[in-house]
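So, here come the structures, one by one.
In the two complexes that follow, chain A is the common piece, with chain B as its partner first and chain C second.
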Partner chain A sequence: MTVAAAAQPTTVAARFSPGWITQLLQRYMLHVVVIGLTVAWMLPTIGLLVSSFRPFALTKTSGWWTALSPLEFTLQNYTDVLDQSNLGQAFFNSFMVSVPATVIPVTIGAFAAYAFAWMKFPARNWIFLALVGLLAVPLQLTFVPVLSFYVNTLHWTTSNLENIGIPGLPWVPLWLAHAGYGLPFSIYLLANFFRALPSDLFESAEIDGAGTLTVFFRIILPLSVPALASLVIFQFLWVWNDLLVALIYVGGAPEVAPLTVNLADLTTSLGQGSNLLTSAAFFSMVVPLIVFLSLQRYFVRGILAGSVKG
Partner chain B sequence: MDFSVLLQDIPTLLVVIIGVPAILAAYIVGGEFLVRRLPDKNRPQVRPWIWVGPALILVAGYLLLPAIGTIGQSFENNAGNWVGFNNYASQFADFPQGGAWVAIRNNVIFWLIFYTIFTLAFGLVLAVLFDRVRYESVVKSLIFMPMAISSVALGIIWIFMYQYSPTGESQVGTLNAIITFFHHDPVVWLQDQWPSDKFNLLNNLALIGAATWGITGFSMVILSAALKGIPGELLEAARVDGAGELTVFRRVIFPLMMPTIVVVGTTLVIFALKAFDVVYVMTGGNYNTDVLAFRMYEQLYTAGNSGHASAVAVILLIAVIPVLIFNLRQFRAVEARR
Partner chain C sequence: MAAVTYDHVVKRYTADVTVVKDLNVDIKDKEFMVLVGPSGCGKSTALRMLAGLESITEGQIRIGDRVVNNVAAKDRDIAMVFQSYALYPHMSVYDNMAFPLQMQHMKKDEMDRRVKNASKILGLDPFLKRKPRALSGGQRQRVALGRAIVRSPKVFLLDEPLSNLDAKLRGQTRIELQKLHRELETTFIYVTHDQVEAMTMGDRIAIMNAGILQQVGTPGDVYDHPANLFVAGFIGTPTMNFVPVTTSDSTAKASGFEAKLPKSVPAGKGTLGFRPEALTDRQSADGSNLQMKVDVVERLGSDQYLYGQVGSDQVTARVDPRMKVAPGDTAQLGLDTRSIHLFDAESEVAFF
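What follows is the complex of A and B.
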């Protein structure tokens, strides 16, 4: 109490000193700038979100920022776009592409990373160096030969694969391609993580008679959950959001093509001003935003692990 | 809307969700089972190949061998006959507006410089500013959010930002509404050739701006992590010595963050050279906004010329090679320190 009373006069004095006022201003300035920048950053998304709920006629004559007067919102754009395009099919296809195209490279990458981190084999370091080099190679460099191998050698066209009748088969070319493209990063990230695990753990397990499989499934994988989670989210979002690879391998087959291809087709077929684009775009964002918002921590961790090396 | 499609196909999805991991697990368990049948001394020789085998086959099959194949094919025509450097000659014909020149210029000048610098600058400014507020994590995730959405959706968001209506009509695109508010004529952002049709910076910047908006969160997050790694005593010491905030940033923070800035910068350079989605969605490569990745796609699908497409891909590789070498050196330097 006495301390507080003693402190009182000095703060009153401080309140009237000009230095304190400029400091206060500066402090508010910081918040104004920070919040201002963040709001500006969100404006494009907010604009599209608002537009997607406005009646078509209104969006032609007034900007989204006038949406509060007259206050008129509708779900028309969403129901229209779902009626007019095969967005539902594309949504399903996106899952069919993304789930295995995440599982395969992460699992196979984990096998390989284990070998790179804890087994000895000839040329191990050189192969790993080659993988690091391949991280930067543009995928464009691979499309022509892979495509001609698919079509001319294996006859893996979508219609051929559908005729065989095994569920999931038409997506196999895309899964394997995404697996091949995603593996260098998977292996790089996981091998770095596995190598950092304390080696006495495995040694004592092996002395206790645990086999390679037991060590991998019972010790390494449970300890690597954070790294695996980051990688899974990373790869999933990458595949879900990928346009280029899907366009190249299944661009002409809407019964297999994912949302991104569908959405890009809508942009060209509907013309750039169409209101249906707004709702279609938001439809495509739902899954990645849910994944991102719920698992953000792991996503950010993956980005940090992937690029701040050294 | 036909959500019945979804319901019918859900069994397929389940088969795949269970089947794919089952096959992968069966492979590794089966592989280990076989290794254990081997005599003791052979096991350590065979086992690693069981574990790295599938990965090496996929990487070789989808990246390494096709890359070599593409280089070979860039010297052949569609019929598979050797044509020497003809494919390259047609890409490098008619400087500066013909062949691949516009795409090369856009990639290695406009995208490389502006995309990288804008993204680094925004990322750095946001990281430093956000570091000083208590609600840092909230604003950071808001800036970071565009990273989660596809570039196709990003392209659509910005198509609406750049929307144009003729002078006199009410502008419904945000940017044109802002500039007409300041009594400037509306701009056709995605087509405008300012300052000249031989050097159309403006519409390229419009595309680059959209892409930058999406990727800034990436550079901000990494730079922010690096910023937090700088010991507080260093900054305190500089402040005690009388350095202002700007000096502290210029003389202490910036130099200490330089290694991270370089790492992020190289990643961004690769992104800039691979730019595709935004161009595909927003301009279709028209109005002199072509880029190499898009040109490669067009040569392959629209023109149906795999020789030309391969040549463009190789040009793209050549542009990436300096970064690739830098990455490898960086990697070896880190390994040496281990």
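What follows is the complex of A and C.
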């Protein structure tokens, strides 16, 4: 249709031909759909944000979308949540949990993925298949056996760990648990990415005299920044937002519990404290947002451009 | 600077997949040797075995006097230029070229001197700080060459380095590579499927087909004295004419003509081969003349190609551009019997 329209550009009718309109419509439709989806996805967050700035009495009687008619905003919820709850400690705990629980599986995963992608060893494909199979295991299924392994076999209870001289690190079991849960996906994603790197690069490096580790650190890692960045985001968000695993492995004690546990406790410990939930939830969202926005620029495609082919 | 010897080299992947069969080649020191053949003929595998990227199933490969079968790629003192160039995309041109030297823990100033020297030879000075993606195809190719040069290796291996360049650049680079070979005075082993590259660049050419070495010789040798039907058909454009003949003593009888053979052969069936330029518009003195029913005429200015039928055989002739021929005509052509070849019908080996 566009061809037909282009063939007779002189007539006025051609300029308003159906083809031209369809093209225009298609372009606007795309924008409408994209914007519509974005708004639909953001609506709950916006509601939460607006509610967090409204006086508690108002949120109980009217919806957040009526916030503009009696224009009444307050910072009360935020000051309350900072005063009344253990937010600072919980924030610190969340970091202490999330950062190692992200770094460990991504690091181990990268090494393992390199081996799966570029090294030859017996039963490589079968082990990889088993690993991918682990993706399908629901993690709830592992709580009892893993916990029992920690307590009954390793005797890694908080008090025992303190006794053997690693005090203040009650998160070690949680790190390992998160690492275990994150590894299958890390390895799967990275191995697929590494495999897609051109083999000429490795062969060239091999001839140039680079050993396995040099190839890994000087060639694979720099080229895999997009994959590593997305993996870090996935894993960090998952650990940061996780409630269940943290609750199981470190419990709800305020000295160790991360933000999610603290948040879940707000309503029960403070009775009808749902007003605090809105502002506390916003606090917890800040970090994932920063992580996402700061790593997002690494999602640029074409980082391999120029390596091979003319 | 070293000679390279392939001594009964075999590459077998599985019991019935053999890609290189009993390869024997002596490549002299400072020689420009081209391995050429159709794709899948084993030429790249042969090169990769020398590079240390593939294991050797049987036989020996020697660089100089040293058997390198079990020497790691990095210790063979070779450098390789890949078809895809294999530049490290996250490193600058300078770092790409310095990488092999860094791996040898070379001193900074010596490294700098070598990289600068290579970049000067290749005209890469203005691009040293750029990343490969900001370079054109030809420039990338030169960076790949530079990375090989800085090591001053004993042997240069080049795996179809020109096939990603456009036709004009390929012609230029061909000449530059030959100059480079003269300047560096190093053994070059060059793999290509393009017989024009092989003919123009090689001191000697090794022609392979289906894992078997067919012939090794200077470009002139393989062009004028092909060892068998495959080599005769592979080298030269347009390809050599092949006509089934019956031989008796020193004449060969084809479907549409008779040719005097330069020496007598046993009676039997064979294939007569002659290049398009062996046909001329002058009648041959020894009576080896033929009539061609011309189907297509191509005038290239310097040459004129006639495609047509002689008897029941398809024949191409390269004649003087001043000869007046039109499609549909019957052209009287003479065959220069000094440059004809006869191949055995069974073994396809050349009698002459």
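By our rule, the second predicted complex is superposed on the first by the 232 of 310 C-alpha atoms of A that agree within 3 Å, B and C clash if a C-alpha of one lies under 4 Å from a C-alpha of the other, contacts with A are read in each partner's own complex, and residues count from 1 in each chain.
As a working rule, contacts are C-beta pairs under 8 Å (C-beta built on N, C-alpha and C of every residue); 3 or more make two chains touch, one makes a residue touch a chain.
Worth saying up front: this structure is predicted, and the values here are computed from it rather than measured.
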{"item": "Which superposed partner A:T74 touches (first chain B, second chain C, both, neither)", "value": "neither"}
{"item": "Touching partner for A:S284 - first (chain B), second (chain C), both, neither", "value": "first"}
{"item": "Touched partner set for A:V146, first chain B, second chain C, both or neither", "value": "first"}
{"item": "If touched residues of chain A are counted for chain B and for chain C, the larger one", "value": "B"}
{"item": "First (chain B), second (chain C), both or neither touched by A:N86", "value": "first"}
{"item": "Contacts of A:G109 with chain B and chain C, given as first, second, both or neither", "value": "first"}
{"item": "Touched partner set for A:D208, first chain B, second chain C, both or neither", "value": "second"}
{"item": "First (chain B), second (chain C), both or neither touched by A:D200", "value": "second"}
{"item": "Overlap of chain C and chain B interfaces on chain A (superposed complexes)", "value": "303-304, 307-310"}
{"item": "Chain A residues touching chain B - in the complex, by the definition given at the top", "value": "30-31, 33-35, 37-38, 41-45, 47-48, 51, 59-65, 79, 82-83, 86-89, 91-92, 95-96, 99-100, 103-105, 107-109, 111-112, 114-116, 119-121, 124, 127, 129-149, 167-168, 171, 175-177, 179-181, 183-184, 187, 211-213, 216, 237, 240-244, 247-248, 251, 259-260, 263-264, 267-268, 272-273, 277-278, 280-282, 284-285, 288-289, 291-293, 296, 299-300, 303-304, 307-310"}
{"item": "Residues of chain A touching chain C in the complex", "value": "198, 200-201, 203-210, 214, 219, 222-223, 302-310"}
{"item": "In the complex, chain C residues that touch chain A", "value": "51-53, 73-74, 78-80, 82-90, 99-100, 103-104, 131-137, 140-141, 147, 151, 164-165"}
{"item": "Residues of chain B defined as touching chain A within the complex", "value": "1-3, 5-6, 9, 11-13, 15-17, 19-21, 24, 28-29, 32, 36, 44-45, 47-49, 51-52, 54-56, 58-59, 61-67, 69-71, 73, 126, 129-130, 132-133, 139, 141-153, 155-161, 163, 170-174, 177, 213, 216, 218, 221-222, 225-226, 259-260, 263-264, 267, 270, 273-274, 276-277, 280-281, 284, 292-293, 296-297, 300-301, 306, 309-310, 312-314, 316-317, 320, 323-324, 327-328, 330-334, 337"}
